[in-house]
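Take a look at these structures.
Both complexes below contain chain A, partnered by chain B and then by chain C.
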Partner chain A sequence: MILLAAISFLILASAAVAITRRNLIHAALWLVVSWFGVALFFLWAGAQFIGFVQVLVYVGAVSMIMLFAMLLTRQGRVPVEMLTLKAEKRIASGVLLVSAVFGVIAGCILGTDFPVTEASAASSVTLVRIGESLMNDHAVALLAMGALLTVALIGAVYIASSGEEDAS
Partner chain B sequence: MSPTGIWDSIDRAPLIVRDVLVSFLPDAWQGLANDILIAATVTVVFATIFALLTILERKGLARIQNRPGPNRVGIPFTKIRLGGFGQPLADAVKMILKEDIVPTSADKVLHFIAPVILIVSTLLSLAVIPLGRHLLPLELEAAVLYFFAAGAISELAVFTAGWGSHNKYSLVGAMRALAQMLSYELPLVLAIIPVIMLTGTLSTSAIVDAQGSWSLGGFLPAWHVFTPWGFAAFAIFVVASFAEANRSPFDLPEAESEIIAGHLTEYSGFKYALFFMAEYFGMCALAGLGVTLFLGGWHAPFSALEFLPSWFWFFAKLFMMLGLFIWVRGTLPRLRMDQLTRFAWKLMVPLALCNLVNAAFWHLSAGWDSPGGLALRWVLSIAIIATPFLLLSRSLFAGLGPRTYKYAP
Partner chain C sequence: MTPLHLCLLLSTGLFCLGLVAVLARGNAILVLLGVELMLNAANINFIAFWRFGNPSNATDAPILVLFSIAIAAAEAAVGLALVIAIYRHQRNVRVEDATRLKG
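Up next, the complex of A and B:
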């Protein structure tokens, strides 16, 4: 339980620090610490596969995309005074957005029926079973996600390349 | 004790020593002591290999360039030279005593933490390489995934080093390194997937076990490299691991002649030594993974030689792989940045994808046991990978060669 508390503190504290950093790179690096904490949480919960995937995808890949995007696209610092919205408005919209996202996720979790029986809690989920359920039961979802990501990738390349043409 | 018993106990020797050492401790501490001892042993063994590699590499490169290489340093205060093999010790003393310079404008914390993250992540990835029949530091069901997850952290460390140094050369070097590592991680992983597909597991020990048989009366081991898909995957894996380890011919991130030393520019003293060490640890980890996945791990090449300790075979193969790394470094010139990325995306990735199809074919044709069926299986499998390779390389190199030299004969 102490371990769980420490991991939760790591996740939340680093995320909070990330929000308050003025330096974008520092903020991104703190966010990476938070993601790493999520991976630790998965490992704590016994979900090895998800834990390693979390490190591989978030700490390894998404962080790189974020940092690349910052370094390659940011033309200069945006001073805080330049932001048109007032502080109260920003806070209000932030709270609204976060509670909306939280509501959707919480609704999903509460609406899903998790069959917790003695047997399912005792038997650990093996990698083979994860693979089989991904490739058989959820194959369509997996393919749809792949297609979605490919479309996003092509879109990103298009946006990046058309921006360059304008500049030249 | 019977002869096999003696060999078996030599095979187990590290474990026996560990058990004896641990047995002196009270019961409550034994589990922890076990783990610490294993981690310390792996670190010390690979640190020794690192020291040995630096001198072997310098001597090897020197021989390739027709010069003697370091051959002076021996045992201090004596006339014994040891053929220069005292050099790593002298280098270590120099690295530790050197002044540690941190640029005033650098981000102090990030500048300090980058080499630490890098060395930790490379050491972590060494944990899942089976060093012998009984010597696997960390038994995991998702070992291969763990290996790449640990490796992914090192990319972050390279960025942190480049950005934290607050130096344009450092940042350019770090961005080059990242672009390269990301581009080549794809063919690297795609080259490994066939192995996972055909063995049906992500566990390194199970993958080694799957290669533990011989055909043709104990002369042809069932290593993955001796199948068409395995050979192609191994070739792609080796080339991609050169790039992942920032080794020549893909050592652009550190190109001394253009950007000084890339993300290492602002590092000196022991921090530089840590980067250097991490590079060699990463090289050992990738070579070890290559041995594990394709070259049969700790299995002997001939069944008659199986009595030798399994860790001997693993380290023999590891040093063969590392020798290949050094040989290639002495032979090939450095690529240009655009050549590097084009090579990855236009040749390596498509070939690795074709090899996936090849592995699927190999899996589906497993039942073709008759001599004719076996021959057809091999011919088809070779054709599946060789045809795209020939077509792709022909079309990519069309109009590029042969190069004519105006001034050189």
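Up next, the complex of A and C:
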């Protein structure tokens, strides 16, 4: 329980720092800390494989393409967001709306009595069972996911590179 | 308060931080980062219910999270390609300036 509270604090604090940074590069680096905290949560919950996938995909890959996009789209120096009057109004209304959303969801969670089974079947899941289930029961979904990733990445390259000739 | 409640509150907090980033930040890349935070919050919920509930098939939740992470990776790639395309047109990535659908 204490470990869970520490991991929660790490995740939420680094995410909160990340989304309030003016400097985009700092925001991305703080988000890497937050994603690493989520991987720690998966390890704590006993889903080791998912934890390692989280580290590989988020901490390794997604953070890199985020940083690449920031470096490709920066204007001269490190991009700093301007705070205008319009932006201040938007931030205030956004924070107000999100506090209301948080209040509603947290109230629902705290008011619900979940039946907790401590000796869950979850702890017996090994990597071998996940692999067998993925290759047998979910083989079609796995193939569809491969096709989706291929199409999405080719499409991303096309979107990012088309119009190169009229830009130059 | 059980550990499951704490896990769900953690994911709610993470979701709300992502929602703040989407609604309040003007930079398109930070909006995308907020979407990624919200997807992470959903994954935390899957694993929390798997760990503290009593799933009939114990491998379902990790596989669901695996697919969710794969879709999030595809979404990040396409979203950042769109950000780069917007940058090429208007030379900045502020979402309030992206008012034209025509390329």
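Convention: the second predicted complex is superposed on the first by the 118 of 168 C-alpha atoms of A that agree within 3 Å, B and C clash if a C-alpha of one lies under 4 Å from a C-alpha of the other, contacts with A are read in each partner's own complex, and residues count from 1 in each chain.
We take it that a contact is a pair of C-beta atoms (placed from the backbone, for glycine too) under 8 Å apart; a residue touches a chain by one contact, two chains touch by 3 or more.
What you see is a predicted model, and the numbers here were worked out from it, not measured in a lab.
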item	value
Superposed model, chain A: greater residue contact from chain B or chain C	C
Partner chain(s) touched by A:Gly60 [first = chain B, second = chain C, both, neither]	first
Contacts of A:Leu153 with chain B and chain C, given as first, second, both or neither	second
Contacts of A:Phe49 with chain B and chain C, given as first, second, both or neither	both
Touching partner for A:Ile25 - first (chain B), second (chain C), both, neither	first
Overlap of chain C and chain B interfaces on chain A (superposed complexes)	49, 53, 61, 68
Residues of chain A that touch chain B when the two form their complex	25, 29, 32, 48-49, 52-53, 55-56, 59-61, 63-64, 67-68, 71, 126-128
Chain A contact footprint on chain C (complex, rising order)	1-10, 12-21, 23-27, 29-30, 32-34, 36-37, 40, 43-44, 47-48, 50-55, 57-63, 65-67, 69-78, 80-85, 87-88, 91-93, 96, 103
Residues of chain B that touch chain A when the two form their complex	110, 140-142, 145-146, 148-153, 155-156, 159-160, 163, 171, 175, 178, 182, 200-202
Touching residues (chain side chain A, partner chain C) in the complex	1, 4-5, 8, 11-12, 15-16, 18-19, 24, 27-28, 31, 34-35, 38, 41-42, 45-47, 49-50, 53-54, 57-58, 61-62, 65-66, 68-70, 72-73, 75, 79, 81, 86-87, 90-91, 93-95, 97-99, 101-102, 105-106, 109-110, 114, 116-117, 120-122, 124-125, 129-130, 133-134, 138, 141, 145, 148-149, 152-153, 155-157, 159-160, 162-163, 167
